[in-house]
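A quick write-up on the structure given underneath.
The first chain written gets the first letter, and so on, giving A, B, C, D and E; residue counts start at 1 in each chain.
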């Protein structure tokens, strides 16, 4: 029996279970209700239907899922026992390629064989497949019947079917929410293990406080010491993401939020707000392209014009500027929210004292909203330091420890991409360094987030 | 305590002071307006630049090639036109010979190296032309194409002038750009493959992140009692929303590819990786939407004996749905434009066959842009910008939809 | 206090509360309150803001369960059954002890659906015809039928405040509750709507046990037969309404009634 | 193409997969296209641009449908890589040199017209020229009085690419070896020799420019006094804005690169798993297409590749036919 | 109505309102109200919820300007000057006509800064010493000095509700206003705090023109000398407080005062 057929059959069984259990519940509860006692009937008939249907479907479904993973192995075992399989080549890949082909023909996924050996195995495959398919189907159906029957016997007016069904719903929701933690753990685990290996080659102190980054030296066998000082990367990341980008994003974002919330007419606000939000929706690869080809050369020309020495067309400024623009909506929407969260009464209080709007904003609203704004800025920073494509395309790769915004610097994310996509040797400190960098980045964003959440929460509490 | 005189509001000093305060007010307001204007201007400049660069990518220059089939060295039986036969007919050579006959010795520099494909397609469409002379429009070489549409090299300009004179040159909309896939000849490439890859990837992302995100939001907002446990979940989710996307790439690489042995370069893995990124966005938007459903609705339902699950699924969720959808669209838009994590899981690849399903190798629009921006041939520059326009149009449409939904369903209780 | 309560003793109370204490986390909001509710008398809770009227009312149908920090001690029974016993199904309890809130809160659905929602989730109607009957009956009892019978498919939120509040009462009635709790049902309404609701309460008396919280002492005097005066979480005085208003035994009650504070 | 079957029944793949060098990528994609045109009905091969080393890592991870069939490389496989392959069961590897790439030096058309030698390049770029302390040269004139006093500024491949390896090996080491002491050093301490001869200064004179050679081209246009280092094919394509910088007086041209006269010429390889030849449909055809197009008048040279010398081509064609496996002991 | 007003005619009114109408978009919230405010009498506005008390109060210092949809017709003068005239500076107006809100809304700054805020923005203090004097004087007048003099640097939000409200009154006083408008200043306060505020109002009378909105009729009776009863945007009755409470001329006033509605 084929997969879809059995699923269809199960679905049918589930439907039957639902209908019959519901009908039974309907009849029984009608009787019970007639008896007059209000709490004689607990759940709606539909819930009984679901209860029985779920008992019919879930055990059988779990079995099928397991079976789908186990049976191919069993099928192959039995095919390999066939005389025709004796002539198969010994080497694993060709062998499994032939088996795979035979299987594909047997299931009809493929019309003919490239490999004559495969043709011979088609028949044994077909037999084995139908054999195990049938076995699986029978077992699944038996389980479905058993589950359904058990549940059906429990259908009584006062049986709390709704509670059971709802418990399952809750469990599903709970499991879904665990996924965030699992993902986080997955990230930590996948970073931690490789980072651990890295730190067994490179002293963490050297990594965190060294000022020289030249992984290729290490790769070329100059030794690991002195090659993995990540400070220039951290500096580049901070310089671009937390300094230049924020110098652009904070004033523009904050003032935009203030203008749009406090001054603009509703129509202007209605159109401008989403327009500005679009800045966050432009793909970063587009920003990168734009920064590299339009902004960076222009900035370099400008720098040369005003006589700045060592201006590079891959400048921290170009990347930071464009990144800052990208971040504007993050800052402005957080600022917007926090200013809006300052109670109207504060604003009224100030205005009623005879303060002008700007006095009210700068002396009452902003100070009151400051924690929220700071939280928003922290989140924006964490977004900025994690940004990859813009810096990959526009900031360059030179690990310079410089204050000159027209010079080229590099960032942690750029280096991760470079280390993992460039010429690399497996298991060298160079490759593993990418994971160590990733770990640092992860920890930093985590800390920023925890701090930001704390700040924002404190501030919310102040007004609730 | 000195008894102060009542304030004299009419005094000169006071008047001056008020004038100063109003001037400050105007400056402040102007600064706000300037900030908005600057941000908007930047967006406009970006869009303008991209569109300016990319519009040309949607057009293609063609040269009318007169092909005298009977006289050509083409060995094809009109009754038996199969792919096989066409592949063996050595069409590139024939095309080159024909072109040299009509266009002169340097014809190979004028027509695209894949010009023969146009001839092949013409034969396939109508085998009868093999018995007559037919004018077929073939794509011009990149240099000619560029020179015809904008400024090219001096030599190419000369050639273009010559061809124009002869009336052989035409520039038209390049529909192929929307229907073809990646290739090596800029006159032949298209974004359909990457577009389809993006669609499939987004489908996987949506199917995974939406239900899980909504379920998580519901659990956290409606059922979970506040405890260290929910705090951990909350911090994880907020953190995931801010984790650098490249780290999701590392995760996808080590979990989906190395551990679970899922196929490399597939939309499935891309979608799963992006789903991990999108889910927290949906959770956060979902929680906000759920929070904004007034508690009085919950009270009302609970007050007549609805169970918590009924309250949520019959009242809260339907009311929060527009907000959740808006958040979902924004999250999806971000995923659609995401590049970095996909580089890690093998989607930075030359894939000339559009994917047929989620396990087929695929690439996505932004990665295609990234790849094309690194191509040798100059013809790819405008293709890159054209692909950016397609991506931007897609994204703006999604953002627009989100804004529409938000405006339409935004409720105040 | 115990004396007064004794004097009020009701032969066959629908609900009884005995020494009920409610805590929000550390904070005690209700400090040992005992009260009886029966079908023949409307009970009014009065007292200054924050004295615990709403809190106590919400313990009567376990709406306080939804507040994570809330904890209830003491005993509350419905028909002699402890409503905080584990065997009590809170969903059924709330169907039997309905609630009307301060701010009218109709569902953003049609008027018909607003009324039909409760009967539907409790399986009280056998079919569409049955449901129609229930809806009409409930709207009639809520005194709203004539005003809305031609527009049952309009949204419940499109009604005026007073109509919405009557819709909410109708919605509560539709599941055939035994007791109806009303938390300042008229405080968001205009005088005419208020009058209508008060009238409605008069009509419902006898059929349902009714408890009403109000900050308007005149209203308490008009609609209730029993009044409980709360202050700082304590039940200061509980007695026959006319007695309380004309002849309060406690100084605090008197001060409050005469408007010295609140 | 269903690659996710588990349970031991094995899986097939109906698309060829190649990974590796970004330098070989454009040629591999061109072959892929030709292969499909010549074999209607075949699905297009998947070519991934991961960089040579990244490709090797994937290539050597094992035999089977989930692993690539071909690794593209802009340098020869390293011994360590070969051993890693072997450890993962990738035993029989076929090495095919497909062509040559020139490591071109170029400047903007408006540039000063520098003329360089490996020695000059070495002295201008080395972190520690001849082991005599940090490089202090600021302008080209500081390095060689015949050159103009223009600040040294070189855009080149990043430390993580195969192209950078080639720069070190083909230019820097040669320049370095102009000093006899360095040759002696090589005998004495390989490590120290490498450090002195191939390490590039990190004070901003040499700008790591990412894998994106087009960006280097763009940047040269914007910086007329800078020199760029990248694949020859990019120079060919951008002759309108760039001009080449002769090394040892030899201009980078098709002829000079293909004959090896130009000092920046380096071989390009593909590595194929013999175990996959049977199992992956069309793999042989793909190699044949490669062989059919790597001649001096073939399609690949039109894309900017430089054909390998005649004898190399012959040998490679032979390997494609006979599928001779690589002897790991020759690798370094 | 006009008759009563005539009878109340005040010799030298601080503020006068003549036929004031207020609209929120299409909706008319105030329907032609005329009233006088002077320094010697406290004026109380009473009336059921939504009748327009707050709206009218806010037109007196143009706080309604902040509501985009609000539009005011009619004439309001301060010292004979039309406050809606273009020449009138709203910033000054609000300094001269101070306001205290229903919910205490101290700024989240120190007590000192709360008081100093107004004088600082208006430039009323010449230096720190001067400011110290103003702060002390204002806090004394608001009856708060003794309670907070040792902790002027504590946050204003850390005070109790009643103290916060007195802080807000002090804040209003600090800019030397001529009129103080109070919108239900005690409704969020406990009885003791309420009593303190009422006492304060008594003390402030004569020095400032005071208008107070209240929903507590006893409070109106206690603190005011003039009472205006609003209903549905109309000024139903306006007169000497004792008259209104003992001898209302209008049926509606009587109904309201006796608790028939509201």
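Just so we're on the same page, a residue touches a chain if its C-beta (ideal position, glycine included) is under 8 Å from a C-beta of that chain, and two chains touch if they have at least 3 such contacts.
Keep in mind that this is a model prediction, so the values were computed, not measured.
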{"item": "Touching both subunit A and subunit D (chains)", "value": "B"}
{"item": "Distance-maximising chain from subunit C - centres being C-alpha averages", "value": "D"}
{"item": "Rotation, 0 to 180 degrees and nearest 5, that superposes subunit C on copy subunit E via CA atoms", "value": "175"}
{"item": "Furthest chain, CA centroid comparison against subunit E", "value": "D"}
{"item": "Where subunit C and subunit E are represented by their mean Cα positions, the distance between them in whole Å", "value": "36"}
{"item": "Computed distance of Cα centres, subunit D from subunit B, in Å", "value": "32"}
{"item": "Computed distance of Cα centres, subunit B from subunit A, in Å", "value": "19"}
{"item": "Rounded Å distance between subunit B and subunit C, as computed from the means of their C-alpha atoms", "value": "57"}
{"item": "Overlap residues in subunit A, where contacts from two or more other chains coincide", "value": "162, 356, 359, 392-393, 420-421"}
{"item": "For subunit D, residues contacting two or more additional chains", "value": "2, 6, 50, 211-212, 215"}
{"item": "Interface hub residues of subunit C, defined as touching at least two other chains", "value": "91-92, 96, 121-122"}
{"item": "Full enumeration of touching chain pairs", "value": "A-B, A-C, A-D, A-E, B-C, B-D, B-E, C-E"}
{"item": "Touching residues on subunit A, where the partner in the complex is subunit B", "value": "162, 166, 169-170, 172-174, 176-181, 183-184, 186-187, 190-191, 194, 251-256, 258-260, 262-264, 270, 272, 274-287, 289-290, 294, 325, 328, 356-359, 361-362, 379, 382-383, 385-389, 392-393, 413, 416-417, 420-421, 434-435, 438, 441-442, 445-446, 448-450, 453"}
{"item": "Residues of subunit B that touch subunit C when the two form their complex", "value": "225-226, 294, 296-307, 310, 314-315, 319, 411"}
{"item": "Residue ranges of subunit A in contact with subunit E within the complex", "value": "266, 343, 345-356, 359, 363-364, 367-368, 462"}
{"item": "Footprint of subunit C on subunit A - complex, ascending", "value": "29, 38-39, 41-42, 44-45, 160, 162"}
{"item": "Parts of subunit C lying in touch with subunit B, wherever the complex brings them together", "value": "61, 63, 66, 68, 91-96, 98-101, 103, 105-108, 117-118, 121-122, 168, 171-172, 174-175"}
